[in-house]
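Pasting the structures here.
Across the two complexes that follow, subunit A remains constant while its partner is subunit B and subsequently subunit C.
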Partner chain A sequence: MASMSRTDNAGGPAHGLTTRWASALSDTPAFWKIVSLAILFGAWEFAGRIDFNYAFPGFLETMAALFEMLTDGSMAKAYLRTFEPLAIGLVISLTVGISAGVGMGLRRDVEWLSLPIFITMQAAPMAALIPLVTFVYGIGLASKVLAVVMLSLPVIAINSYKAVRNVPPSLVDMSRSFMGSRRQQILGIILPAASPMMFAGIRLGVAEGFSGAVLAELLITPTGIGDLITFNRSVAKFAHMYAAIFSIVALAVIAVSLLHRLEMTLFRPEKRGV
Partner chain B sequence: MTMERRSFMRAAAGALTTTVALSGAPALAQDEPLQVALGDIASVESLNLLIAMERAGERGVPMEMTFFNSEDVAVQAVLSGEVDIGVGAPYAFIQNSDAPIRMFYRMSTLMFFPVVNSDVYSGWEDLDGEEVTVHSRGSGTEALMRLMEQKHGIEYSQISYVPGSEVRAGAMLQGTVNATIVDAANFRLLQQEGGDKFQRLPLEGVNATDEALYATTDVMEARAEDMQIFVEELLGTWADIAENPEIVGELRAEYGLLQDLPDNVASEAVPYYAEAVENGVYPTDGGEPSDVADDIAFLAAAGQVSGDPEEIDPERFWNFDLLEAAKAAN
Partner chain C sequence: MNMTSATEHAGAPVAPADAPDAIIEVEGIHKVYSGNVTALENINLDFRRGEMTSLLGPSGCGKTTLLKIVAGLLKPTDGEVRVNGAPVKGPGPERAFVFQDFALMPWATVLRNAGYGLEVRGVAKREREERARHYINEVGLAGFEEKYPHELSGGMRQRVGLARALAVDADVLLMDEPFSAVDEQTRRKFQEDLIRLREIEKKTFILVTHSIEEAVYLSDRIVLLSPRPGRVAQIVTPEIDRSGDPEAIRRTTEYLDLIDDIWAGLRTYVE
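Showing the complex of A and B:
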């Protein structure tokens, strides 16, 4: 962006003011984010107003429905239900996924034993498998937790494995030449070096976990946010249905962004403030 | 421009002209089959509709059935013109979206069986302050249970949602659920497996449907003749089945309908229709304006639609012209 402004400056003094403005704005990422959102929501509102589909409400109508659901408490009640399997599933995925990933990265035998399972889990179309889970685990909390785990675990495990495996060998060699023990090598060199990529995997895994929670609520039994979506669809309250979908997307984006910030604060001091 | 390119351009131009000519020929539309969208898979319960479709085909109105994942998707397909006729009761959709679709034939009235474990409960009054299990929020089963709650002056402590009659019947057999509502097939299953243990609670004064045929007003106008023939055949088939339910089995064999059904399921067809006819599930009049008020009252109990059933204009949801014309012709 900066280089573009410089080129424009060469165009003459008439462009000076606008380019200075553009340059100032380009240094304000928040501005561009707002513009991007405004274009998206504007297009949404436009599409809603031209009535291309009877079941497609505009942005403002959807936001009014969202406000109504937030104030009457129905959304808070729904999220309390949805967060239960999501939180339990994510805790299991993070614990098992990171341990398995690190294990696979450090030891070949663990890799041979576990990696095919995670690759199969990642490749399989989970939406088709989730209904099968109910045959074994019924329609209660266990099935929904499993749906979250099935979607988020493989991403977390495979990314952790790749992160550990791709630690620069020179760092490990350095540790060895300083007579570092295996324990020091793992805790002091491998894990810190692998953590940025592991965190990227965790971010993806959390996003997948949200998908798993919603899929479970749409495919197993309608509870929580899945119930808000199916119920409002069945009674043709489309603004409320879109508001429920909007809320879960927004929440997933916020969760992933917060994780990104945490990652920056913890592991990437050199990137802070960028 | 090389020879190959020129001939390609000519071919493309030719194809374009043909497409334009075809799309501008409304006469052809009359020969296209009338597509019926079912928001479910076909079962023995769809046999009467399939028979009427075959009979319409014999009178020069070819018809095809398409299956969708849910009724919501079927409504969208009807609205977008991908199919002509839908099966369902899109009252809420019409009320909330003002879409130009209207129902034109009432296929059935709801047949569900509220069942309780007789060791625990013996009547509606016992369900006061107790938990009941239904299909899903806003479903017909919930509406029925809510309506009974009002009629009997009771209040459930909680309504749980377990989709699938077979799942709820299974839960009754396991003893994890003591009061629920199931369909005819699963009520029979409960009777076979549990005998007197499962007691059916009376459902009186409920006249509502979740199975009507609907189409856009455009299709009803553009294909009025074809649609009328179809409605005539619906009325005829329903009347024939009401007179003798056994013809369902004969006509299934004659037209080769649902041949993939396993024998044990197919053999359920005639008993099912016999029982349904006995219970008045399949009305032979195709629906009356007064039924619309009953439907609205029923759906309002489940929170699907709003408004006073007595004040609602039936024309907003229904078009009775086809039905009246078909009755006159029959």
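Showing the complex of A and C:
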């Protein structure tokens, strides 16, 4: 009791109020996210201002360039081009990756047949194979789609496979013991139980897909956002180049967070309130 | 207490196979894992209708394996299990299983978990929720219907597992160490509740346990299994009056003496 009143007096009422206000703020995750971003952007702006490299624009300069590219429509035009191989590639990776992964998780024969392929794909440095892809498929859309697929497919497939394998056997036994059909076991138990790990793989895969799309545009032919990066670099408009890079990073982050939201609403009702 | 009369050894059938009150008959069950590990050897047992039978033994005696074979979740290498005279080919509606690790769906509410057995059978939503609610109430979880498993304690989770098994209205409840993942205080309360529940539900229970106290406290018959390979070592029939105060049972001399006797018998397998 005595020690409690002492701490109360030490700060005085004003101090108590600010700490309460601060602790309420620090309980909200958004607060910490904003602080983290503010530190990062502050450091960026600081680094830009000390002029350690003439080709390094500060945060504010980059944002101004970003705003300019957003308003004059050049960025929208670029993304329209970039999204084409990215969207097609991701749709292929998600469909093939999830079905192959679930198939491998459920059946040993499918696992023996296809797991080595995905492991090889995941281990191989895909950027080194892109010239080969260009050699076979040319410099068109097909090569870029393939670049996205090559980067995103293995991680989606392997994570889906592991997710299905890690479903607690007792849950499946439980469904069997109440005479759940194989279909009910898969749709009602295995897939929802596997979904957290599966979605972790999908998030990684989508992020990989973004790098695949940009890599293709940098290595194959400069189009879309890759063109914005290379063109602005060649004419020494570094703020614009950084703005283009910043935009693709931001988009990838937003896409991955949206996926997380989707997972929560679709499969994890118990986590929604938390 | 009646210990000597029922003492038998592996190989000899416990009761005539066509005993009228046997709901489950286990005949000549062998289970061999991965070619050379013998988990069960020549198990012959009858489980009588309306009784609670415990399968008791040290770890590695195959008691869970035997329960899963009775449930139809595992196939025996040799031998046959019959439920109401019909051979077991897989899980059936007359048997319901209670899992050691509860096996609740973390993404589903208590209500949905308790109604899962009815859900897979295609019972309409309104009816299955009504029945699930009834059994949630019966196991003492009223008011928790909309909670998720992670919001419950271990004991409460197992109550959901029990409600789920009761809701399908099976004749036999197969319980695989249902209280082993629950703390001691909760376990005692749960055991007392189970005695009360038995009087209402009039079902046949088969309980796998490694706790001598639990087996003696709850069962009409205790099947002692010896380890590696699992064989029926002895069958004990505790004669304990469970009609009065459930807490008083733990102080009766029958209860305490029988625990000592069983421990004396099991001791050799552990040393």
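What we mean here is this: the second predicted complex is superposed on the first by the 253 of 274 C-alpha atoms of A that agree within 3 Å, B and C clash if a C-alpha of one lies under 4 Å from a C-alpha of the other, contacts with A are read in each partner's own complex, and residues count from 1 in each chain.
Rule of thumb we're sticking to: a residue touches a chain if its C-beta (ideal position, glycine included) is under 8 Å from a C-beta of that chain, and two chains touch if they have at least 3 such contacts.
What you see is a predicted model, and the numbers here were worked out from it, not measured in a lab.
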Contacts of A:Ser234 with subunit B and subunit C, given as first, second, both or neither: first
Partner chain in contact with A:Ile139 - subunit B first, subunit C second, else both or neither: first
Touching partner for A:Asp173 - first (subunit B), second (subunit C), both, neither: second
Touched partner set for A:Pro192, first subunit B, second subunit C, both or neither: second
Partner, of subunit C and subunit B, that touches more residues belonging to subunit A: C
Those residues of subunit A which subunit B touches in one complex and subunit C touches in the other: none
Contacting residues of subunit A [partner subunit C, same complex]: 168, 170-171, 173-181, 184, 188-189, 192-193, 267-270
In the complex with subunit A, residue positions of subunit C that touch it: 68, 71-73, 90-93, 95-97, 99-101, 103, 105-108, 116-117, 119-121, 148-150, 164, 168
Contacting residues of subunit B [partner subunit A, same complex]: 72, 76, 79, 90, 92-93, 95-99, 136-139, 161-163, 167, 303-305
Subunit A residues within the subunit B interface of the complex: 53-55, 139, 221-223, 227, 230-231, 233-238
